[in-house]
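Which chain is which? They are A, B and C, in the order written, and residues in each are numbered from 1.
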Amino acid sequence: MTTNTKTTSLRIRRSTVGSVVRYVILTAVGIFLAYPLFWMLGSAFKYNADIFGNINILPPVDRWTFANFPIAWQLSRSNTMLFYYINTLRFLIPSIIFTVISCTITAYAVARFNFPGKKIVFTAIIVTLLMPGIAFTIPIFILFTNLGLVNTFAALYIQDIFAVNSFFIFMVIQFLRTVPRELDEASYIDGCSPLQTLWYILAPVLRPVVITVALLSFIWGMNAFQGPLIFLNTPERRVLAVAMRGLMQDEMAVQFGAVFAAATMALLPTLAIFFGCSKFFVESVASSGAKE
Amino acid sequence: MKKLTLFLIATMLFLAACTTADTPIATTPAGGGTTATAPADTAGTGDVVDTGGHPILDAGNITLSFSWWGNDARADAMEASFRLFESYYPNVTIVSNTGPWDGWQQAILVNLSAGTEADILQVNYPWVHNFGQGSNVFLDLDTVSHILDLSEWSEEMLNFMRTADGQLSAVPHGMNGHFLMYNRAAINELGLDRFPETLEEFIEFGRELAADNVALDFAGENRYLAFIAAEVLDNILHNIIFNATGNTFFVGNELGFTFEDAVNAYELFVTMWEYNLIPTIQQDEGIPIQHNPAWLDGRALSAFIWVSTFFVVEDGYEGGPGTVDDLYVAVWPGPAGTPGVVLQRPTMGHAISANTQHPEAAAYFLNWFYTNEDAISAIGSVLGLPGANTASIVAEREGLISGNTLVGAEMLQNVRSGPIHHFFEDENFRQPRHIIMEQLALGIITATEAAQLLLDSQNEQLANIANN
Amino acid sequence: MALQKAKATKATKTKSKIKKRMVMAPLMMLIPWFLGMAFFRVYPIFLSFWYSLTNFPLLGERTFIGLDNFRQIFLNDTTFHASAIATLRYVFFGTPMVLAAALFIAFVLNFKLKGVNIFRTAYYVPSILGGNVAVSILWVQMFRNNGLINSAINNFNNATPEFANIPIVFWLTSETWAPFTLMLLSAWQFGSVMLIFLAALQNVSPSLYEAASIDGAKGWRQFRSITLPIITPVVLFNAVNVLLRHFQEFNSAFLVTSGGPNQSTLFFSLYIYDMAFQRLQMGYASALTWISLAAIGVFTLILFFSSKYWVHYND
């Protein structure tokens, strides 16, 4: 127990009871939250009948199967999961790089400078946060068609060059507010240009939020389904999320165990990266709520 | 500032590099003269084995794109047929645009809006009529009938694919019918020796069977005469109307039934739920029939399924009473003295883009696809029952379809059937019907109210169409 | 925003030069953003406004019909009314639910306990799983009528017939409960909201608590009278965030309930999607989009204006 040593025994007992209660609550909530993940993992070893029949995490003792993983790995007749994973990365990596750069620069400009129209820019960023994406689908597709982008991976990341993700801009702005201005001012006085300041002085400080933006882009990009489906229509450019939906839609009897095995394998890299970066992640998400 | 400019330029360059690296293969922008240059001899019928080429295909190297949705089995078959064509005509390359059915309609719509659709498209039946609201958005296939032999299809089948303005949007691959599949072993297990043949028997059987059913079946003991998923109740409604009136749901641009017919139909649903011969909304867990415990345990004596998915149910049937051989196909029963009925619609069709630069080559390919025996064998049954003349002859001869699917195919020819009107699958008509059915099932409205709502909502849409 | 005024530096010589650069540089840096805004946001949204004034069957002829779409939506469209009710119910009840759940967990986590970091990270996992196909299957498994939750209730009732008879609920097939089930699904993904609350709680100065405990305020009272007022700005921030998310909710209704039963979970975005890509009425869908945009704007503004009365700023 971490209470200070001067406390009376009564107090210690009360605080012990308190923290036991807290652990119980935390664990209960944790089970509730983590259950789906474990259910998915366990179901990767089940036959269909055991998936629909019950809600247990593990299959019955005598009904384990490992056949789902090879099926899931060979995601389609012609390609393995790795192929689709690489396809996903072919748009996701440029997308992440562009998002990070463009959103950081935009946020830096808005957060640290005074210029005419700044209020309007900030309002525009907020307003675009409110817009449902469905309003944009067809006009943007026609625009991309005219640019010759249909059936190219570029169609999925070209917008990111132009800092269209207001949520990330907002996140970086909020984080920048926690960084003392004296840092950049000192840098200007030393003769650095704004971009130099951003690169040499602020970038190291911004590391948590940059990692978070990259991580969230990655997570959302891995799950993205509609964009890849609409913009990429040849089999050699199919991405993981679309291929997995194909597995579920298979008109043959769907092997749900294989769907879960595929979902598990697709998720593992994401989870590994997430746990690796969780320190930065927690820090910068937390800062996005910093008051104005 | 200089650096910023440099950065922007670098960004643009990088972008340009990326986009050129991924140049789309097949899609060709709009424009393209669709008028034929010197329509060549119609040598395209029958088995084309002349690898020496064809006037239409001699124009040089051509790439045709073919868009379709479907699973792996379909992918194998489609690719095999494409490679076969390429081996006959080395100057032609066929590329696939493909994806899962989920969201595919949206993808096709967006592509059609932008004019980037493939040259040849696998189309769902309602698309032909709903896309562009009755005006043909695809190439009128009558304009290429000198290449694509339309006598392969009956006039009746082709009419499914004609839009309001009479143009032929697509050729149908075949017909699909919605049947009841009984489980003979489960029926015998109950001491019954036959299937219900009339509607009265159907209700009587079901009523006895479900006497002990409970609303929530934790023990897994409920029995149902027919397992009918909520989303296909609408097709049962179509069957009941057809049985009562002899009309399809819509006749021309009007409803094919009266208010009384609708009241009677909805009352029949109320009866079926009341006696629990089909599951109520609370009992229907939305589990696909081939995985559904009630079906696999033999507690559901029949299921209402499309002939095109028979093989799925058969393949998935393991455990439970009997074997796959005990599955038996029947039609939706009519009242005593009248025959039963099967709802029918085209499984899918094949259309040619109105924007294609190679309308004749595309038509030539389609003709080959439907008439070349090797192509037909390669496709097998992955696109459902073939309906074109040559294809069905070859399919039968080669045994490409068998078992219940074959039985279903024959029944489709001989049994009284309700071919649907294209309005029936238009979502503007379907969604209100779906809501009415749900409200009826939940007891929010009575059969009479449901009938009134049905007439109002369907007539409103009909009026909308008349106004446009 | 309050901190924007740059403090004058002591070096007067370089001052004017820096100042000039300080105006030009940000404008240059905003060029990509500006282009993106123009092409990918402003242009589509105005195009969609133009569509909303037309009858536009997708792929068909577009005809100008003025405000007919809006008239039809407000006066005749019962599905729109049902959809508005479903959306507003989800926003009004779901938003406080998510906020309360997140705040409660943040409150529990805000103590020096061993292993707190593990919990903190683990609690974020559902938010990662969010759009995964597996999740929708799982939720149906849990909440279907013979699913896990009802089975558990049933077993409990059977085991203790003398005093317990918890009623069984149709989680997904009753109009009353289906919206609630989707709210639960949303609350389950409280990750970022909770982390933001937690950070705010950790910033509350311990001296405030000490003063309070001398006055005898403990536990809940201490939380209500001291902690909560201090973190109200963060509550506002999270409220706006969750409100926006709930207004635009699509996935859960699409995958788990398909908008039913009887349209009780037919959220705006689902209705718009149906209108555009199932019923192919792009003009009508665009009008719905603009109405939903207006509604979101109005509710966000109301929240901001109301904040005068309940958000406390110290500085």
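By definition in this document, contacts are C-beta pairs under 8 Å (C-beta built on N, C-alpha and C of every residue); 3 or more make two chains touch, one makes a residue touch a chain.
Just so it is clear, the structure is predicted and the values come from calculations on it, not from any experiment.
Chains touching subunit B and subunit C alike, please list them.
A
Does A-B or A-C have more contacting C-beta pairs?
More contacting C-beta pairs are found at A-C.
Could you tell me the distance, in whole angstrom, between the mean C-alpha positions of subunit A and subunit B?
Using C-alpha averages as centres, the distance is 37 Å.
What's the distance between the Cα centroids of subunit A and subunit C, rounded to whole Å?
For subunit A versus subunit C, the centre distance works out to 17 Å.
When you check subunit C against every other chain, which residues touch at least two of them?
21, 25, 29, 32, 147, 151
Where in subunit A do residues touch two or more of the other chains?
52, 137-138, 161, 193, 195, 225, 245, 248, 256
Mark out which residues of subunit B touch at least two other chains, giving numbers and ranges.
1, 4, 11, 106, 113
Which of the residues in subunit A end up touching subunit C in this complex?
Those in contact with subunit C are residues 2, 19, 22-23, 25-26, 29-30, 32-34, 36-37, 39-40, 43, 51-52, 55, 102, 105-106, 108-110, 112-116, 118, 121-122, 124, 127-132, 134-140, 143, 159, 161-164, 169, 177, 181, 185, 188-189, 193-195, 219-220, 223, 225, 244-245, 248, 256, 259-260, 263, 267, 270-271, 274-275, 278, 281-282, 285-292.
For the complex, give me every residue of subunit B touching subunit A.
Its residues touching subunit A are 1, 3-4, 7, 11, 15, 18-19, 22-27, 29, 67, 70-76, 95-104, 106-107, 110-111, 113-116, 118, 287-288, 290-293, 296, 309, 312, 315-316, 319.
Over in the complex, which subunit A residues touch subunit B? Could you list them?
Answer in residue numbers: 48-49, 52-53, 76-78, 94, 137-138, 141-142, 144-145, 147-154, 158, 161, 193, 195-196, 225-226, 229-230, 233-235, 238, 242, 245-246, 248-254, 256.
Give every residue of subunit C touching subunit A within the complex, in rising order.
Residues in contact with subunit A: 1-7, 9, 11, 14, 18, 21-23, 25-27, 29-30, 32-33, 35-37, 39-41, 43-45, 47-48, 105, 108-109, 111-113, 119-126, 128-135, 137-138, 141-142, 147-148, 151, 188, 192, 195-200, 233-234, 237-238, 244, 248, 250, 268-269, 272-273, 276, 282, 285-286, 289, 292-293, 296-297, 300, 313.
So in the complex, which bits of subunit B are touching subunit C?
So the residues of subunit B touching subunit C come out as 1, 4-5, 8, 11, 105-106, 109, 112-113, 130-133, 135, 137, 216-218, 220, 281-286, 427-428, 431, 435, 438-439, 442, 444, 468.
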